[in-house]
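Here the structure is laid out as structure tokens; the discussion comes afterwards.
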Amino acid sequence: MSDITKQSLTELVENIKNKKLSSTDVTKAFIDRSEKSEELNAYITNDFTSALEKAKKFDQKPNLDSKLPGIPMAVKDLFCTKDIKTTAGSKILNNFVPTYESTVTENIWNEGAILLGKLNCDEFAMGSSNETSFFGNVQSPIDRNLVPGGSSGGSASAVAGQLTPVTIGTDTGGSIRQPASFTGIVGLKPTYGSCSRYGIVAFASSLDQAGPMAQNVKDCALLHEVISSYDPKDSTSIDFKRNHYSKELTNNIKGKKIGIPKEYRVDGMPKEIEDLWQKGIQYVKDCGAETIDISLPNTSYALPTYYIVAPAEASSNLARYDGVKYGYRAKGENLIDMYEKTRSEGFGAEVQRRIMIGTYVLSSGYYDAYYLKAQKVRKLIKNDFDEAYKKVDAILTPSTPSSAFKIGEKTNDPVSMYLNDIFTVPVNLAGLPGISIPAGHDSKGYPLGLQIIGKAFDEQNILNIAYAMEEKINFKNKITDWWIK
Amino acid sequence: MSKKDSEYLINRKDNQYEVVIGLEVHAQVLSDSKLFSTSATKFGAEPNTQVSLVDAAFPGMLPVINEFCVKQAIKTGIGLNAKINKRSVFDRKNYFYADLPQGYQISQFKDPIVGEGKVILDMPNGQKEVGIERLHLEQDAGKSIHDLDPQNTFVDLNRSGVALMEIVSKPDLRSPDEVNAYIKKLRSIMRYLGTCDGNMQEGSLRADVNVSVRPKGSKEFGTRCEIKNVNSIKFMQMAIEYEANRQVDLIEEGKTIDQETRLFDTKKNETRSMRSKEDAHDYRYFPDPDLLPLEVSEKFIEELKNDIPELPDDKKKRFIEDFKLSPYEANILVSDIDTAKYFEEVVAKMGKNKDIKLAVNWITGELFAVLNSKGLEISQSPVSAKNFAILINLIKNGTISGKIAKTVFEIMIDGDKDPQKIVEEKGLKQQSDPKALEALIDKIINDNREKAIEYKQGKEKLFGFFVGQAMKASGGKANPQLINEILKKKL
Amino acid sequence: MSIDLKTIKHISKLSRISVDEQRAKKLAGDLNSIFDFIEKLNELKTDNVEPLTSIAETTLKLRSDEVKSKNIREQIIKNSPQDNEDYFVVPKVIE
């Protein structure tokens, strides 16, 4: 089968279960394509040799009852993987090899999947364009010199470019949904507490969530089903009844009430985005759902709030990278000198910027004005959603205020870069699930996404809505293989 | 310095100064595993052998709280007559140090698990109440070792993450003696509760000491200095004495006192500024987003309350009432839980016809002396409570004299021998047969006729001589009371 | 609101990241534009709002007091930058 890499995860699983394909066939195909795709710079570390070995081993004694039988998969390099270098896209972890496995990846391997390698990302997941990685920026398979979005840019690029059937990313302010939107794929940010954070390099603990990225909604549901689990090793993991998301997936959303928040119609938003949104509204109506205009009055405060909360937590979470226990260490005359040089040389500019912001907002005299204020506004933002969900079952918005931009276009203007996350950030602040699905193209032919935001723990519902819309939208990603010689 | 009316004051020319002291005691929680990780807490392990991925702050590692440590903190709070907060929050205290792997310490800042409480101290001039401001749970740091290598500092993380209770007193203490009594009282309460072993040599109990001075009679507090991490009562007392005098000298010279953190140099016996560290200290406390607020139910607290043993204050009261002990005696017996246990066991084993006063005298006298000289704790006593009780009974029922008992006790120390058997084997039983003693005394009077006459003529001092002779003749075994009686009759 | 070089130096010290004059100037510029944008929050009155301390609407779960992590010294020290089998080693700490 020549077009193995074009198959969806669901198809691959079926073909392996029916023995039409072996794990070795599939693994080889993705390795071959990955090897031809160096120009995308999607991988930081590959594990192709041992992936093939594992595939062969799987084929000798295949466990076909598992959910991801012999499926090769690359994952974002923010997940700690046992005995495989894990960098978080940073120089400071350039040589770090964990002796442990994150719960989320453990869940994946337990269902029979095989690690292909570790995917590029913004340094410590701080970025919206995958330009802050120590290992270089990632190219979008959509077009040369186009950013794939971030921070899960390598993940988005790898799925859209068919270097991996599906992948997992992490989303702190939009890091799954925005790159998914930019590259024409599906990305789900689960409810806070659905997926364990154990073994994931932390950015902002109260916002970080791992989630699936896939070619279609069904694949996304299947992978989510695998990674979502209660984990006693994570005190913020929540013990609730999890669905068989892929099995229970339905396109029947008749009678569902979908909220359309007026505050997401922001100043300067391109008409293309507005048109896309209107199309989306029509699609859900066509599916038999009802749309209701709602208000989320504090939406415009979400981004400033996020840029206090996330850097504050990050400044503390990243204090452990001090050159003492692991990772990069610069020479220093004494302990303090060593710290200051290690962290100055080991962290990139964006990470340093955010650590500084975070340190500042927590520092003596500013805590109340910034951090405490932000925690209060966060409460208001959450209240907005709580109010809205008294009237509606889900909320439909654009995923991003624009399509993908060129590499280098926004690197000198942090604020304009941050504005990219304007529609995704409120969802993280409120701890809710959100899914981005590809919904159309802009005039340049770049993908555009729509976001469906659900109630807490209501992933099934937004997956269903996405599934129903997907059918109507019938999106075709324009992948030209421009990078393959 | 004068101790008029047992007040601790510092005197200079015409001025007298009062010393105001508050303590932040760090007590290591007795638990098998650490506060937020599952590694062991045993003292004295090989370096870095009790360190988990969480303790060494590896990427992606998360804290999960130990229920037992929470219970220990609440129990201690109950022991301190304190308010237990049903909702408390863990915060991060951010600073960089080689033995602080996370770059922050998980502690409790705004909402501690235990609020205000009090302890009662027994001072020579009466009781004194010391207010407790709060008690919170926090992680201990690792250990930096500076003397193994000339260029480098070595770090051992075994202690990193061990649960500590920080017990903050109100500034109610006024002298080194009160500090001594306060620390001992805290230790006593925690040892009764089994929440902290109080072992200062192993660092299970340390304190930051806040000291300020003010003119006697003044109501306002002076500027305080915090002396960090003092690990023995003696050092605390020395540090306070030095620091209070230093502050008074500054005031007398018309200088101001800087509020600062100081270190007690145990070699030079002085405190010195740690200002170099101060600059970088802005701890940037904020709620730890890896943890949720800790909530405990009324039922949870009630169950712990039911689990609280009799504490030293109550035990003391009972000893005074039931055993007719003096407050002084009761204090000595209750202050250490093992002493109290030993005493109560002795009382139980003595049976019906017991002499508690005698037992107390022997515990605080002979037994303590032996333990002292051998450097043993009462829990390691070479004489079991059971045999100790038998010995006291032997004295009480006249089988042996107090003097002989001392000889028996000497033998008992070696291998916890049954005193009854010792008495039998060595033939140490007291001679209490009046006829035999009369014959013995008749002989002595006969042999010392002249002295007997002198005595009768009024030289009463000679009575002692006759008692001595009689005891000597009996090999020390004669019942001294009987000897007295018979002599008086015969002379 | 303006963040000056002195403030940048102070927070760089707190965060243990050394910055030279040039970087400090660049950071001051960046931070000022970011904080201009953050100041928008001042429009909101929040006096009577309870701050959100945790987004997960549940309480802290407690684990039992069991020693599960064994001696993994080799694993723990393996990744450390300076070779020593027993300890982490850092440049001398000057008190």
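Brief remarks on what is shown
As written, the chains take the letters A, B and C, and residue 1 is the first residue of each chain.
Everything below uses one rule, namely that a residue touches a chain if its C-beta (ideal position, glycine included) is under 8 Å from a C-beta of that chain, and two chains touch if they have at least 3 such contacts.
Since this is a predicted model, take the numbers as computed values, not measurements.
Taking the mean of each chain's C-alpha atoms, the chain closest to the overall C-alpha centroid is C.
Here the largest set of C-beta contact pairs joins the chains A-C.
Farthest chain from chain B (centres taken as the mean of C-alpha atoms): A.
Computed centre separation for the pair chain A/chain C is 23 angstrom, with centres defined by C-alpha atoms.
Look at where the CA atoms of chain A average out and do the same for chain B: the two points lie 57 Å apart.
Separating the centre of chain B from that of chain C, both taken as means of CA atoms, is a distance of 41 Å.
Counting partner chains per residue, chain C shows two or more touched chains at residues 14, 16, 53-54, 56, 58, 60-61, 63, 72, 75-76, 82, 88, 90-93.
Counting partner chains per residue, chain A has residues 96, 99, 206, 232, 235-236, 315, 319, 322, 324-326, 335-336, 339, 359, 363 touching two or more of them.
The residues of chain B that reach two or more other chains are 53, 56, 64-65, 96, 98, 153, 155, 282, 284, 289, 291-292, listed in rising order. Every residue of chain B that touches chain A in the complex is listed here, in rising order: 53, 56-65, 92, 94, 96, 98, 101-104, 153, 155, 282, 284-286, 288-292. Those residues of chain C whose C-beta lies close enough to touch chain B in the complex are 13-14, 16, 53-54, 56, 58-69, 71-73, 75-77, 82, 84, 86-93, 95.
Within the complex formed with chain C, the residues of chain A that make contact are 95-97, 99, 192-193, 206-207, 232, 235-236, 238-239, 298, 300-301, 303-305, 307-308, 315, 319, 322-329, 332-341, 343-344, 347, 352-353, 355-357, 359-360, 363, 370, 372-380, 382, 414-415, 418, 429-431, 456. Interface residues of chain B facing chain C in the complex, by the touch rule stated above, are 31-33, 37-40, 46-54, 56, 64-70, 89, 96, 98, 144-146, 148-157, 274, 276, 279-280, 282, 284, 287, 289, 291-295.
Those residues of chain C that touch chain A in the complex are listed here as 3, 7-8, 10-12, 14-19, 27, 30-31, 33-34, 37-41, 43-44, 46, 49-58, 60-61, 63, 72, 75-76, 78-82, 88, 90-94.
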